[in-house]
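Two complexes are shown next, each including subunit A; its partner changes from subunit B in the first to subunit C in the second.
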Partner chain A sequence: MAYSNKVIDHYEHPRNVGSLDKGDASVGTGIVGAPACGDVMKLQIKVENGVITDAKFKTYGCGSAIASSSLVTEWVKGMSVDQAMQIKNSQIAEELSLPPVKIHCSVLAEDAIKAAIRDFQQKQGAAAGPAGDSDH
Partner chain B sequence: MSADTDPFALFDLPRRHTVGRDAIEARYLELSRAAHPDNVVGEGTAARRAAVERASAVNAAYRVLRDPVLRAEALVKLGGLDLDSTDPERGAPHPTQEFLLEMIELRERLEDGGPAGLDALRDDVDARSEAALDAAIAALDAGEFRRAAEHLVARRYFQRFLDETEASAP
Partner chain C sequence: MTQQAAKRPIYLDYAATCPVDPRVLEAMLPYFSDRYGNAASRTHVFGWQAEEAVEAARREIATTLNADPKEITFTSGATESNNLAIKGVVEYLAESGKKHLVTAVTEHKAVLDTCKHLERHGCEVTYLPVGVDGRVTPEQVAAALRPDTALVSLMFANNETGVINPVTEIGAVCRAAGVLFHTDAVQAFGKVPVDVEAMHIDLASLSAHKLYGPKGVGALYIRRRKPRVRIAPQIHGGGHERGTRSGTLNVPGIVGFGYAAKLAREELAGESAHVLELREHLRRRLVTEIPHAIVNGSLEHRLPGTLNISFAYVEGESLLMGLKDIAVSSGSACTSASLEPSYVLRAMGLDDELAHSSLRITIGRFTTREELDFVADLIAREVARLRDMSPLWEMVQEGIDLRTIEWTPH
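This part shows the complex of A and B:
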């Protein structure tokens, strides 16, 4: 199967590989996996005043999964949390010209950014005080 | 899974993980002989093609039945869960966050530790992969397909890690 040039570029020169401090209240961490193939993806965002100022990822998987997460970390920097929540896997797949059998890699990246945002939001909720525990 | 793609049915075996190796070999010889292309020499194209397909199905089933992992995955599939599918109901069950985080941390240990601790790490993961298969077989014996599928998914993650370390080894 032929990878598109953009996939190869992100695969060979992945942007924003690394980790942010998971314990930092301004950092949201999303970890998702594709059980069928054993791929695993960690995507982290740092949020300041509602804006994503930094993003890092570590993906252990195929080239398309690495490219999808690399692209998302590039995209979300400078976005508001709400904007980042709107990212669709179809946009990722289109940008990277992913073939149908690799669409699930873009779904994984969408799931990862959403999981990271939810993690950040939960931390914010918990930091707001005992009200964060009210759902028990 | 139709009778054609149910390796246990094709080999007249009960749907159990424990199989008699001799029974598989004997049945394989029998089926291979029956499906041999020589039997249909002189017959029409359709009959010859059917024989080739039959022989190929016998070989595929034989491959699955001989391999403990493939056999377990086939039993789970017959139980309604396809590990190669992403369907939320009938596809591979998703591992927990803790498990996925651990899979990331395993890679980080590999990157940070270098080749020094590689063997120990590999042995450890190899043992856990074996344990996951054993747990899956126990679940299959108890008829608990979802639990078996969860263990088999974990085994795939361990296997993936081992394949990666194999690839990066000097």
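This part shows the complex of A and C:
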């Protein structure tokens, strides 16, 4: 299968590989996927004054999965949490020209950013006192 | 990095197919140009020449198997040979009420899908499991036999792992029970000795392109005495190949197949020792230089040129992408249309994660040590790079047991 140039670029030069401090209250961590499925994505965001100031990822998965998560970390930096929540897998798939069999890799990246935001919001809620919301 | 290694992709996928040996190509060429006769033409010299060439090839293949030339039927390849062997025996024995087959879960799809087809038409099939070493035991076979068993079909060597079954012992079990034994010998033929007499083989599928011959030509060995095996033809027509397989013979292909078999037989001892030495060099480098590199399946009972190895916590397709100047294959789901990891590795009890992380590297006649050193360096570098990017590797470094985590499979 031929990869798009953008997938190859992100695979060869992944942006924002790494980890942020999970314990930091301003950091949200999302881990999605499963080793048995062949893909696990960890995406972290740092939020200051409602704006995402940093993002890091680590991905176990195919080149398209690595590229999807790398791209998302680039996109979310500078976004508000609400804006980041709006990212759709179809935008990722379009930007990277993913073929149909690789759409699920972009879905995983969307799930990862949403999971990271939820984690951040939960931490904030917990810090602000007993939060009412709990979707877990 | 050598000049040569840098310029062209390195081919390490000999189990998928081989380049045609230049000597084989040379032997074939006249049969495309001057000697283009139809081997079935009995009325002129063009036909006689072609027939003679086909019979010479048949003798070479028979000799390589320790068989009689009359026992060789040419086909379009091993997929057809497997279909012909299994469907042919079942159809021929149908009236006797024998409708049970024994095979294994790790067989090639050409065997498994043929069996599935026959199940839809009233056959019963026992799919034997394999051990962690990838092998079926003769005891398993003996226990699976029934009074109505028509055929046991078990491969000589597996295409993904190179693991070799105890063929002689399985053949003996079948012979003692009076049950026919078919083996898909595609990967083994020409790489290790295949002797239909010593190994009690009744039918064997062969393919030219795994042995430095051309694609699209193969053969089925069908035993003629003790016991005489009868099969119902699956392709009907002009009655070629004694009525067993109709269709104008692929003369240049068959000539190439015969010549490839001759070369393989004459050079087998030297070549397999050389290929084994190369593979072991690569294997030793990989397992000593890369932590958590695990060889899949029996190392002892294995084709000399095949290495199936998992690099834990690195997904196979992403690794292949990093090995872009190297032609190898992976058991990763991401490389398959079905998004399922290798059924062969899973059947051996491998964790899905390790199956996703596997590479199949096959070494052959034209592989050099220099190429393998280049490949070992590159794999070590890419595995390290991808592990730096792997959340699983990070967790393992932190001492987390991955099995204790609640994943969110999708």
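The rule is simple: the second predicted complex is superposed on the first by the 126 of 136 C-alpha atoms of A that agree within 3 Å, B and C clash if a C-alpha of one lies under 4 Å from a C-alpha of the other, contacts with A are read in each partner's own complex, and residues count from 1 in each chain.
One rule holds for everything that comes next: a residue touches a chain if its C-beta (ideal position, glycine included) is under 8 Å from a C-beta of that chain, and two chains touch if they have at least 3 such contacts.
Everything numeric in this text was worked out from a predicted model, so none of it was measured.
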* Asked: Given the touch rule stated above, what does A:Lys77 touch, subunit B (first), subunit C (second), both, or neither?
  -> neither
* Asked: Does the superposition put A:Gly38 against subunit B (first), subunit C (second), both, or neither?
  -> both
* First (subunit B), second (subunit C), both or neither touched by A:Tyr60 -> both
* To do: Check whether A:Val17 is in contact with subunit B, with subunit C, with both or with neither, and answer first, second, both or neither.
  => second
* Touched subunit A residues, subunit B compared with subunit C -> C
* To do: Quick one: classify A:His104 as touching subunit B (first), subunit C (second), both or neither.
  => both
* Asked: In the superposed arrangement, what residues of subunit A touch both subunit B and subunit C?
  -> 31-40, 42, 58, 60, 104
* Can you list the subunit C residues touching subunit A in their complex? -> 313-318, 321-322, 332-334, 337, 339, 341, 351-353, 356, 388-394, 402, 407-410
* To do: Can you check the complex and tell me which residues of subunit A touch subunit C?
  => 3, 8, 11, 14, 17, 19, 31-42, 58-63, 65-66, 101, 104, 107-108, 111
* Structure fact -> In the complex, the residues of subunit A that touch subunit B are 31-40, 42, 58, 60, 104
* Quick one: in the complex, what on subunit B touches subunit A? -> 83-86, 91-95, 97, 99-101, 103-104, 107-108, 153, 156-157, 159-161, 164
